[in-house]
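Here subunit A shows up in two complexes: once beside subunit B, once beside subunit C.
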Partner chain A sequence: MRDLLRILSRFWRASLAAELEYRVNFVFSTLNAALGLVLGLFALSLFFQNGHAFDGWSFDASLVVYGLFTTFSGISSVLFVPNLSRVVEHVDKGTMDFVLLKPVDSQLFVSTRNFSPWGLPDIALGLGVIGYAARRLDVDPGHVPAALLAALLSLIILYSLWFALASTSIWFVKVYNATEVLRGLLDAGRLPIAAYPAGYRVFFTYVVPVAFLTSVPADVLRGADATSWLAIEVVVAVLAFGLSRAFWRLSLRSYTSASS
Partner chain B sequence: MTFLRRARAFLEVYYAYMLVYRSELLLWALAMSLPFISMGAWIKAADTGAFPLAPVEFGRYFLVVYLVRQLTVVWVVWEFEYDIVQGRLSPRLLQPADPVWHYVGGHVAERAARLPFTVVIVAFFFMLYPEAWFVPSWTETVACLALSLLAWVLRFVLQYAFAMAAFWTEKASSIEGLWQIGFLFLSGVVAPLAVFPEAVREVVLYTPFPYLIDVPVRALLGAPITLRDVLIPGAWLLVALVAQRLAWRAGLARYSSMGA
Partner chain C sequence: MIVEADGLCKTFRVADKAPGFAATVRHLVRRRTKDVHAVRDVSFALEAGEVVGFLGENGAGKTTTLKMLTGLVKPSAGRATVVGHTPFARRRDFLSAITLVMGNKQQLVWDLPAGDSFRIHAAVYRLDDRDVQRRVTELSEMLDITDKLTTPVRKLSLGERMKLELVASLLHQPKVLFLDEPTLGLDVNAQQTIRAFIRDYNAQHGATVLLTSHYMADITALTERVVVLHQGGLVYDGSLSSLVSSFVTTRQVVIKLRTPVDGADLAGLGAVDFHGPAELKLRVERDALQPTLAQILERLPVVDLTVTAPPVEDTIGHILKTGQSSKRVDA
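Up next, the complex of A and B:
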C-alpha cells in the first residue's frame, strides 16, 4: 500500500509538472466547464416545459443525475482519457516494451501513469450541482454513505469500460475513434434512465451499463427504493473490473512488440 | 482548365487516403450517435407531454440531424494545428496552390468515402422505426442540400479561422472546443429549436449555430425557407472569411517552424 501511494504520487507529480507548461489550458477548461454546465442545464430544462417531467424524476432529482454526469466526465478527463491515449501511443510507437519490463503491474502502470488537471473544473462544478440539488431535495444524510458507495462502483464500471477499450488497441492500434463511440454512448447518462423508451433502457442497462453510472447513485441518494439495483451494481462492477483485467491479459498475449 | 486539373488531383489523392482508413470512418459514423440518444428521450417526452412536435416528427427530425451532421463534419483545426507543430506546413507553402486546398480536398473526399456507412445506418433506422418513413419532395431535397452546403462552408471557414491561432499558441483546438459546446446545445443536436422558449430562440437565431443543423434539417422536413435563413449565415461567413485572411497574413509573417 505504501509503495502504491509512493508510485502514484511520483506519477502524478511528473504529469502535473508536464501539464502545467500549458497554463492557458486552465482558462479554457474552466470556461468550457462553466459554459457546458449552463447550456447543459438549459437543455435539461427543455424537458420540463408545460408541466412535463420524466417518470418519477422531478427537475431537482434530474439535477443530481446531471451533476453526477458532469463529475464523472471530469474524472474521465483527469485520469481515464489521458491514460487511454497513452496506451494507444505506446502500442503505436513500440514503447510498450519498456512498460512491460518495469517491476510494476502493467495494468496499474498504464492506467495511472498520467494525470491531467484540466478536468478539475468539471469535477468542482458537478459536485456543486449535486450539493445544490441534494439540499433542494432535502436528502436524508443517512443515505449519503450508500450513495458514495454507489458512485464509487460507478467509477469502477466507467474505468473498466475505458480500460477494456484501451486494451483493444493492442490489436487495432489506433482506437481514438472507438473512444468517440464510447463517449457518444456515455452521453446518454446526462438524463435519468427513465427518460428513455423501453428499448433504450434495456440497451443502456444491459449492453452499455449507463443506467448504473448516474441513475442508480442518484436514486440511492434521494432514497428511492434502489437497494436491489445497488446490489446488482456491486455485481456489475466486480464483473466489469474482472473482465477488464482478463481482457488486458488476453490482449497482452497478442502483443508482438515493435523492437524485438 | 488548370483549376479543374488541380481539383481532380487533390480529390483523387485524398479519396485514396480516406479509403485506407475505411474502418476508422465506420467508427466515426457510429460515434455520432448523440442525435439518436436525444431522439429516444424526445420521442418518449412527446408521448406523454405537450410539445410542438409529435413523436414521429421528433424521430424524423433527429434522423435528418444525423444526416446533416454527416454531411457537414469539419476537423480542419486539428489537422492544421498538427501541421504547424510538426512543420508540415512548410513544404506546402512552396507549392503553387494555397495550402487550404489540401484540407478542402481531404474534407470533400471523406464525404464520398463515408457515404456508404451513412446509407446503411439510415436503412437500419427505417427498419427499426418504419412509422417514420417519409419521402421528401425534390424542392425540399435541393433546399436541404443547398443549406447543408452553406452550413459546411460556414463551419469550415470558421474553424479554419480558429485554426489560425495555431501560429501564436499550441492549443488552437481549445478555441474550437469552446465553440463546440455552443454548437452542441444551440444548433439543434440535442433539442430542436422548436422546443426552445420563444425569447431564447429569437436570440439564438442571430448566432451561426442554428444554421448549421436546425435550419437545413427543417428544410428537408418541409419548413418554408426565409431570406433570413440565408442572410444571417452569409453575414457570419463574410466575417469569418475576412478574419481568416487577415490572421493568415499576420500568422505567415511570424511563422518560423522547421524549414521555414
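Up next, the complex of A and C:
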C-alpha cells in the first residue's frame, strides 16, 4: 500500500508539473466548466417549465443527477480521459513496451499514470450543485454513506467501460474515436433515467449503463427505495471491473508492439 | 545460462492490401491477411557477463526476438528462459532483473527534466531514493551528462536524450541488458561515449548484454561473439573474428602509383575495386596472393603497396544479405 501511494504521488506530481507548464489552461478550464454548468442547468430548467416534471423526479432531484454527472465528467477529465487516450497512443507508437517492462500491474500503470488538473473545476462545481440540491431536498444525512458507496460503484463501472474500450486499441490500434463515442453516450447521464422513453431506458440501463450511473446514487441520496438497484449496481460494478481486467489480459496476448 | 532461447518462433498475421483506392475500399470491407514468419526456430544461450552482438538486416527478426526475450511478445512456439523466468509471464522479479533500451523509442517525460522521470522509476521499481541518487550520479558521470539532469527533456539533443534514457534504464541495476540500436542516429562522439559506457558497465557490474546495432563499429568494439539472423532464422553463432576470417577468402591490395596506368595493364591481377590516376584497389584471392603480388611489382609503377582484409562492414554486410556463413565457419 505504501508502495502504491508512493507510485501514485510520483505519477501525479510529475503530471501536475508537466501540466502547469501551461498555466493559462486553468483559467480556460474553469471558465469552460462554469459556462457548461450554466448552460446545462438552463437546459434542465426548460424541462420543468409549465409545471412539467419527470416521473418521480422534481427539479431539485434532477439537480442531484446533474451534479453527479458534472462531478463524474470532471473525474473523467482528471483521470480517465488523459490515461485511457494515452493507452491508444502507447499502442499506436509502440511505447506500451515501456509500460509492460515495469514491475507493476500494467492496468494500474496505464490507468493512473497521468493526472490532468483541468477537470478539477468540474468536480468542485458538481459537488457544489449536489450539496445545494441536497439541502433543498432536505436529505437525511443517514443516506449519505450509501449514496457515496453508490457513486463509487458508478465510478468503477464508468472506469471499466472506458478501460475495456481503450483495451480494444491493442487489436484495432487507432480507436481515438471510440472513446469519443463513449463520452457522447455518457452525456445521457445528465438527466434522470425517468426522463427517457421506455426503449431508451432499457438501452441506458442494460446495454450501456450510463443513465443508471447517475440515477441510482441520486435515488439513494434522496431516500427513494433503491436498495435493489444498489444491489444490482454492486454486482454490475464487480462484474464490469473483473471483465475489464480479463479483457486487458486477453488483449495483451495479442500485443505485438509497433515495429522498430 | 542466464538467457536461453530454445526453438523460438513468432508468426504474425498481417494485413495484405494492394495499393490504390479501390483496393483500400475492398480491404475495409473484407480484410485479407497473410502470415509472416518473423522468427523461426531460433536457439542460442548467453552466459552471465557475456556481451553478444545480435546481427541481421532490417526485418531479420532481431527486434522480435528481443521482444520475446523481454516478455513483450508471446512466442508462437519454442521457449525462452531469462534469469530463470519465462519472460511472457512478466513476473516482478524478472522485470526487475532486465532492461530493454530501444534507440527508436523513448520513455522520459518530454516536458520535464530527466530527474522527474528518475523519481517515477524509483517508485515503480521500489528503490530507495538515496540509492537512486547515488546511481544517477555514477551513471551520468560515466556518460558525461551530469549537467543535463535538470534541463527539460524536450530541450536536449538526441544524443543527450539517449544517454539519459540509458541512465533511466539502468537505475534498477538490471542483470541483463537488451540494447536495441542504442546508438541509432547519434553522432560519432556520442556513439563512442555510449560504446565506452556499455563496455565499462559490463566490466564493473558483470551485466550480460545482448546488443543489436547497424553500426559495425559498435559490434567490433564491444563483442567477441555474434549471433546472426537471416530472414527469421539463425545462421551463425560464434566468434566475430572467425565469422569474418573464414568468410573472407580475398585480400584487398591497395597500390599507390607513380604514374597512371591503363586498364589493359591490370589484366589477370584480380578484380578491380577502384582505379584512379594515383591509386588502385584490387581484390585478390588469398591463394593467388603471392604470384599476383610478384606480377604487380613487376608490371606497375608502384610507390607503395598494402595488403589488408576487406573492411569488416563490407564482409558482414554481405553475410547479412545472403545469410551465407554457417557451413564455412563451422568447418
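Methods note: the second predicted complex is superposed on the first by the 258 of 260 C-alpha atoms of A that agree within 3 Å, B and C clash if a C-alpha of one lies under 4 Å from a C-alpha of the other, contacts with A are read in each partner's own complex, and residues count from 1 in each chain.
Please note the rule applied: a contact is a pair of C-beta atoms (placed from the backbone, for glycine too) under 8 Å apart; a residue touches a chain by one contact, two chains touch by 3 or more.
Since this is a predicted model, take the numbers as computed values, not measurements.
Aligning the two structures on subunit A places subunit B and subunit C next to each other without any clash.
In the superposition on chain A, A:Leu101 makes contact with subunit C only, not with subunit B.
In the superposed model, A:Tyr200 makes contact with subunit B only, not with subunit C. Of the two partner chains, subunit C is the only one that A:Asp3 touches; subunit B does not reach it.
Looking at the shared chain after the overlay, A:Tyr255 reaches subunit C, while subunit B stays out of its contact range.
Between subunit B and subunit C, B touches the greater number of residues of subunit A.
Of the two partner chains placed by superposition, only subunit C is touched by A:Ala17; subunit B is not. The angle formed at subunit A by the C-alpha centres of subunit B and subunit C is 90 degrees to the nearest 10. For the three-chain overlay built from the shared chain A, the minimum Cα spacing from subunit B to subunit C equals 7 Å. In the superposition on the C-alpha atoms of chain A, no part of subunit A is touched by subunit B in one complex and by subunit C in the other.
By the touch rule above, subunit B contacts subunit A in their complex via residues 24, 27-28, 30-34, 37, 40-41, 43-45, 48-51, 169-171, 174-175, 177-178, 181-182, 184-186, 190-191, 195-197, 200.
Residues 12, 63, 67, 70-74, 90, 92-93, 95-96, 98-100, 102, 104-107, 109-112, 116-117, 119-120, 122-126, 180-181 of subunit C touch subunit A in their complex.
Note for the complex: subunit A touches subunit C at residues 3, 6-7, 9-11, 14, 17-18, 21, 93-95, 97-98, 100-104, 109, 253, 255-257, 259-260. Of all residues in subunit A, those touching subunit B in their complex are 22, 24-25, 28, 31-32, 35-36, 39-40, 42-43, 46-47, 49-52, 54, 174, 177-178, 180-181, 183-185, 187-188, 191, 195-197, 199-200.
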